[in-house]
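The next part holds the structures, each set out as C-alpha cells.
Below are two complexes that have subunit A in common, paired first with subunit B and then with subunit C.
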Partner chain A sequence: MNKFKRIATYTFLSAAAIVSIFPFLWMLVSMTNRSVDVTQGRLLPGTHLFENLRVLFESVNMVTALVNSTIIAVITTFFTLLIGSLAGYGFEIYRTPGKDRVFNLLLLSMMIPFAAIMIPLYRLFGGVSSTVSFLGIDTLAAAILPTVITAFFIFFFRQNTKMFAKDLVEAGRIDGLSELGIFFRIYLPTMKTTYAAAAIIAFMNSWNNYLWPLVVLQSPENQTIPLLISNLGAGYTPDFGVIMTAIVIATLPTAIVFFIMQKHFVAGMMGSVKG
Partner chain B sequence: MKDFHYKKSWLIALALAVFLVLAACSSDEESGASGDGGEEPDKITAWAWDPNFNIAALDIAKESYDDDIDLEIIENAQDDIVSKLNTGLSSGSMKGMPNIVLIEDQRAQSFLQSYPDAFYPIDDYINPDDFASYKLAPTSFDDQQYGLPFDTGVTGLFFRTDYLEEAGYSMEDLTDITWEKYIEIGQDVKEKTGKDMISLDPNDLGIIRIMIQSAGVWYVDEEGTNVNITDNEPLRKAFENYKAMMEADFIKANSDWSQYLAAFNGGDVATVPSGNWIGASIEAEEEQSGNWGVAPIPRLDMDGAVNASNLGGSSFYVLDIPGKEQAAEFLGDTFGADEEFYQELVNEVGALGTYTPASDGEAYQKENEFFGDQSLISDFSTWVEDIPSVNYGMHTYAIEDILAAEMQNYLKGKSLDDALADAQGQAEAQLK
Partner chain C sequence: MSKVMESSSSSYKGHKKSIGNWYKKNYIGWLFILIAVVGISLFYFYPMIRALLLSFQSGMGSNLEYVGLDNYIRLFSDPTFIAALTNTFIYLLIQVPVMIILALFFSVLLNDATLKFKGFFRTAIFLPCVTSLVAYAVIFKYLFGVDGLINQFLLDLSLISQPLNWLADPVLAKITIIIAITWRWTGYNMIFYLSALQNVDKSMYEAAKIDGATSFQQFFYITVPMLKPIILFTSIISTIGTLQIFDEIMNITNGGPGNATLSISMYIYNLSFEYSPDFGYAATVSYVIVILVVVLSLIQFKVAGDDK
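So, the complex of A and B:
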C-alpha cells in the first residue's frame, strides 16, 4: 500500500514537473527551428539556431538593449535595497507618534495600479524635460526614478526586521556606534538573506518592467529588452524562431541572478535570520 | 550634535551620488524627439511598425526624397504606439512625441476626435482625390484631411488551386460569388478532399467586418457615432453566414495568430479570405509555390453588396509640434505625389498603397510566380477602387468585443434578434 502511495505521488509530481517545465523546453527547442516549424508545433530541435542568432543580431540592436536593461535593473535594484531597507528599518526600530498611520498610508498606495498614475507621471517628466534634460522623457533616469522604490519593499523589509534582534541595536549604541553605523555595520550584515531575496525580486521586476519604459523611452538607443521583444513580434509576419532566440537571451540574466542567490532567496522568503 | 552633522553630511553625499548616477545614465546627446519649444528641431522622427513593411516603406521614401531631411524612423509595435500616443497626448505634454506616426484606419477616429489639437491637417500638402475614396472617411475629421492614406487592406479570397481543382472548382467558379455559394463550395471541398475550408478565431470577427464593409455598412452609423447593430441588415446576414459556416463543419478553429498561420502554412485549409497583406505569410511556405491563387472576396447576397472589401490598412499622421511643416512636406512629396516611389514600393516591399495614379505603373502589372503567375498587385489595385467607403467611428474594437460574446450565444442557440438586440444595448450602455 505504502509503495503504491509512493508511486502515485511520484507520478503526480513528475506530471506536474513536466507541465511546468514544458513551456521552457519548448522555448529552447523553438530557438533552433524555422518560424514555420514553430507555428506548426515542431517539438524536435532543428538546425536553425545559428541562422536565428544571425538574423536576430543583424536585424535588431540586441547589445544596446541588453546594456540598457542591465543599467536600469542594477541601479534600480541598488536603490530599492538601500531605500527600502532604510525605511523598513526605521519603521520597525524607531518609536515615532503616528508611525503606523504613515505606514498604513504607504500600504494603501500599493493598491493604486500603475496605469492610473502613468499619465500624471508622464506629464511630470514632460515638464521637467525642458529644464533638467537629463531627467526628462526618453532618458534612462526617467525610466528608473518612478520604479526605484515601492511600498512593497518597505513592507518587505519591515516584516523581516521584526525578526532582527533589537538588543543588537542597544548593544551598538552602548559601544558608541552612530545610528547609521548600527544600520550598516550590524543590521546589514545580519540581514543578508533578506537583501538577497529582495534583490532577486527587485532585479526581476525591473528587468521585466514593460509599461513605464515603453511609454517614457522613445529612441532606439534607449530601448530595453522587453520593448525589443515586443517589436520583434509586431510585424505582419513575425519570425517566431528569432523571437524565441531573443526571449532565451533575455531570460538568461534573471536566471543567473536567481541561481547565484537561490540559497539566500529561500532562506530570505522564510523570513529567518540566523543570529 | 556630532552625530547630527554626520547624518546630515551623509545624506548630502547620498543625494549627490543619486544625482551623479542619474546624470551619468542619461545620454549626452539631445534626444531626437521634438519638444514643445518653438524652435525647429534638427531631426524629424517617425513611428511605425513592421520592419518588412511600413518601416521599409519609410526607408524607401526617405531615399527617394529629393530634399535634405534628417528622418529618424523608430520601430514600435502597433499596440505600443497606441499606448504611447494615448499617454503622451492625454498628459498634454507633447514632449517625446514623434513628428510622423502611423495609425491603423479603424483606430484613427478615436485619436482624431479625442485629441483634435494634437494633429496637423495636411490638406495643403496632398490632393485627397488622388487616393482611394474609401480611405478618406477614416483619415479625415471636421472636413479636414489629417491622414496621408497609406497601405490598403483590400481583401481577396486566397485559395489552394490544387485542393479546389481536386474538388472540381476553378478560378472562374470562385470569381464574384456570394458567401452562400462559398459555403456550398466549402462543403463540397471538405467532402471530396477532407480539407477544411477556412481557419477562424472565435474571438476575432475580422471576417464579419469584411462581410459588412462589402455592403457599405459598419458597427456604427454613417456619422460614426450611433451604434448600428439591430437594424443592420448586412450585419444580420453576416451573422447568419458565420453560423452557417460553423454548422457546415469545415472550420479549423484557431486561438491565436501563430495557429492561424500554421493552418495554411501546414496545408490544412483550402482558402484564406483576408487582407492582401496576408500574402507575405502565405508565401513564407515556399514548398506551396504555384499552388495558390487569389479570387475576389465573396459578397453578401443582397443589393448594393460588392465583391470588394477591406481588412486593416493604415495611414500616416503629422503631429502638431515643431517640425510639422517639414514632416508634412516630406510625406506630401513622397507618399502623396511620387508614382515612381510606389513602383519601387511594390517591387521592393510588396506594399500596395492607395495612391491611384500609381496603379498604371509597370510594377503593378508584374506576375507572381508563387500565385501561379497571377498579376496579383494589378488585381488587388482594381478591387481597391470598388471598396465601399464606411465611417469606422471611434469604437470598432470595443463593439467587436461585445459582438464576439453575443456571437457565441447565437451559435449556442440564442435567437439572432435577441443576440443583436442585447449587443446593441450593451454597446450603447458602454459607449455613452
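So, the complex of A and C:
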C-alpha cells in the first residue's frame, strides 16, 4: 500500500512538472524552427534561429519595444521602491491613529479593479495632453505614472519595517542625523533584502503589464513587448518561429531573475501575507 | 491620542522635552507618506469617483449628458453584458476551486519530508508564474489551435478521432481559457500553501496516524483547517483576479466565438475603445465589477469566519 502511494505521488508530480515545463520547451525549440515546422508540430531543434532573430530585429520593431519596456520597467521600479518604502517607513515609524486610518483607507485601493478606473484615467491623461504634451496619451510618462504608486508596496514595506530594529532610528537621532538622513543612511542599507524582493515584483509587474499600455500607448514607436507579442500573435499570417523568438526574449529577463533570486522571489510573495 | 504619545515617548527613554519633539516628528511622518497619499488619491480614488459620475451619463466620445439610472437599467437587457457576466462567473466558479484544490494537493505531496527531487518539482510547478500573461496566452492559443500540438497529441493517443476546434466551440473555448489560467496560477498558490504548511505542527499528523486516520482524513481534518486563513487569502486574491480577467481572453480567443468567452473587463475595453466609444455605459459596467469584488470578498470572509 505504501509503495503504491509512493509510485502514485511520483507519477502525479512528474505529470504536473511535465505539463508545467512543456510550453517552455516548446517555445525554446520553436524559436529555432521555421513557421511551417512549428505548425507541423516539430519538437526537435532546427537551424532557423538566426533567421528568426534577423526578422524580429529588422522587420519588426523588437528593438524599440525592448527599449521602451526597459525604460518603463526601470523607472517604474525605482519610483515604486522609493515612494513605497518612504510611505511604509512613515506609517510604521511615525505611527499615530490618524496615520493608521489613512493607511486603512489606502489599503482599500487594492480592491479597486483596474477596469473601473481605466476610462477616467484615460480621460485624465487625454485632458492633460493638450497642455503638457510630455504627459499626455501616447507618452511613456503616461504609461508609467498611474502604475508607480500602489497600496501593495506601501503595505509590503510597512510589514517589513515591523522587523526593522527601531533602536537604530533612535541611535541615528542621537548621532544628529536628520529624519530623512536616518531613512537613507540607516534604514535603506539594512533593508536591502526587502528592497530586492520588492524590486523583483515591481519589475515583473511593469515588464508584463498589458492593459494600461494597450490603452494609453497607441503609436508603434511607443510599443512595449507585451503589445508587440499580442500584435504579432493576432496577425492573419503569423510567423510562428518569429513569435516564439519574441516570446522567449520577453520571458528571459523574468526567468533569469527568478532563477538567480528564487529566495527573494518567494520572500516577496510572502511579504504580502505575513502579519 | 494620549496613549500614542505614551507609547511614542516611551521610545525616547529619558528625554523629558519630548512632547514638542513628538509633534515635530509626527509632522515629519506625514511628509514621508505624502507622495503616496496624493498619488493613490489621484490615480485610484479620484478616478473611482469620476467613474461613478460617468456611470450616470451617456453619449458618444466626450459628448456626455446625465441620464440618471438609464445605464443601470440598460444592463439588464444587454445580452452582451449578460454573456460577459455569465462567462466571468463560469470562470470563477470552476477555475478558482479547481486551482485551489490542485495547489493544496501539490503542496501536501511536496511537504512530505521523505520525498526526493522536491526542489525540482516545486520549481517546475512554479515556473509558469515567470511568464507574462500575454506571452503564455499566445502560446496557449497556438497549442490549442485546430492543428496545434494538443490536438496532435490527443489524436496520437487515439483519444479523439478528428481534431477538436478548441477555440471555435463555445464550450471548448471556455475550457481552454480555464486550462490556461489554471496552468499559469496553480504554482503561485501552491507556494503560499507550502510556506504555511511548514508552520503546521508535525506532531498533529503523528497523533492522527496513531489514531488510525487515513491520508484523506488527515487532509480534511488537519491540513485544511490549519491552512484556512491562507486559503481564504488566496481565494480572495484569485476571485479579484478572475473578475478582472482580460489579457488571456484578449489574446487567446478575443472574446469569441460570438461572445462565448467575453469577460466583463474585455467588454468594458470594447465599449470604450473598440466600438464607438460609450464611456458612460462602460463606467456603469465597470461598477458591476467593483460591486462584485466587494460582495464576494465579504461573503468569503463571512464563510471562512463562521467557526470562530
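Here, the second predicted complex is superposed on the first by the 234 of 275 C-alpha atoms of A that agree within 3 Å, B and C clash if a C-alpha of one lies under 4 Å from a C-alpha of the other, contacts with A are read in each partner's own complex, and residues count from 1 in each chain.
Here is the rule we use: a contact is a pair of C-beta atoms (placed from the backbone, for glycine too) under 8 Å apart; a residue touches a chain by one contact, two chains touch by 3 or more.
Note that the coordinates shown come from a computational prediction; the quantities given were computed from them, not determined experimentally.
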Clash or fit (per the criteria above) of subunit B with subunit C on subunit A: clash
Partner chain(s) touched by A:Ile119 [first = subunit B, second = subunit C, both, neither]: both
Which of subunit B and subunit C A:Leu145 touches, first, second, both or neither: both
Partner chain(s) touched by A:Glu179 [first = subunit B, second = subunit C, both, neither]: both
First (subunit B), second (subunit C), both or neither touched by A:Ser129: first
First, second, both or neither for A:Ile21, with subunit B first and subunit C second: second
Which superposed partner A:Asn205 touches (first subunit B, second subunit C, both, neither): neither
Touched partner set for A:Gly235, first subunit B, second subunit C, both or neither: first
Subunit A residues touched - subunit C or subunit B, whichever exceeds: C
Subunit B versus subunit C as contact partner of A:Asn61, first or second or both or neither: neither
First (subunit B), second (subunit C), both or neither touched by A:Phe258: second
Selected from 23-31, 185-193 or 257-265: the stretch of subunit B that, after superposition, runs into subunit C: 257-265
Intersection of the subunit A residues that touch subunit B with those that touch subunit C: 38-41, 118-120, 122-123, 145, 179, 211, 214-215, 230, 233-234, 240
Residues on subunit C engaged by subunit A in the complex (per definition of touch): 1, 4, 8, 11-13, 25-26, 28-33, 35-37, 39-40, 43-48, 50-51, 54, 62, 106, 109-110, 112, 115, 120-121, 123-125, 127-128, 130-143, 147-149, 152, 183, 187-188, 191-192, 195, 215, 230, 233, 240, 243-244, 246-247, 250-251, 254, 264-265, 268-269, 272-273, 279, 282-283, 286-287, 289-290, 293-294, 297
For the subunit A and subunit C complex, residues of the former touching the latter: 5, 9, 12-14, 16-17, 19-21, 23-24, 26-27, 38-41, 83-84, 86-87, 89-91, 93-97, 99, 102, 106, 109, 111-124, 145-146, 148-151, 154, 166, 170, 179, 183, 204, 207-208, 210-211, 214-215, 225-226, 229-230, 232-234, 240, 243, 247, 250-251, 254-255, 258, 262, 266, 269-270, 273
Touch list for subunit A against partner subunit B, complex: 35-36, 38-41, 59, 71, 75, 79, 118-120, 122-123, 125-127, 129-130, 133-141, 144-145, 178-180, 211, 214-216, 218-222, 227, 230-231, 233-238, 240
Parts of subunit B lying in touch with subunit A, wherever the complex brings them together: 3, 6-7, 10, 18, 21-23, 25-27, 30-33, 35-37, 45, 49-53, 72, 74-80, 83-84, 87-88, 90-96, 98, 257-259, 261-262, 265-266, 277-278, 280-281, 284-285
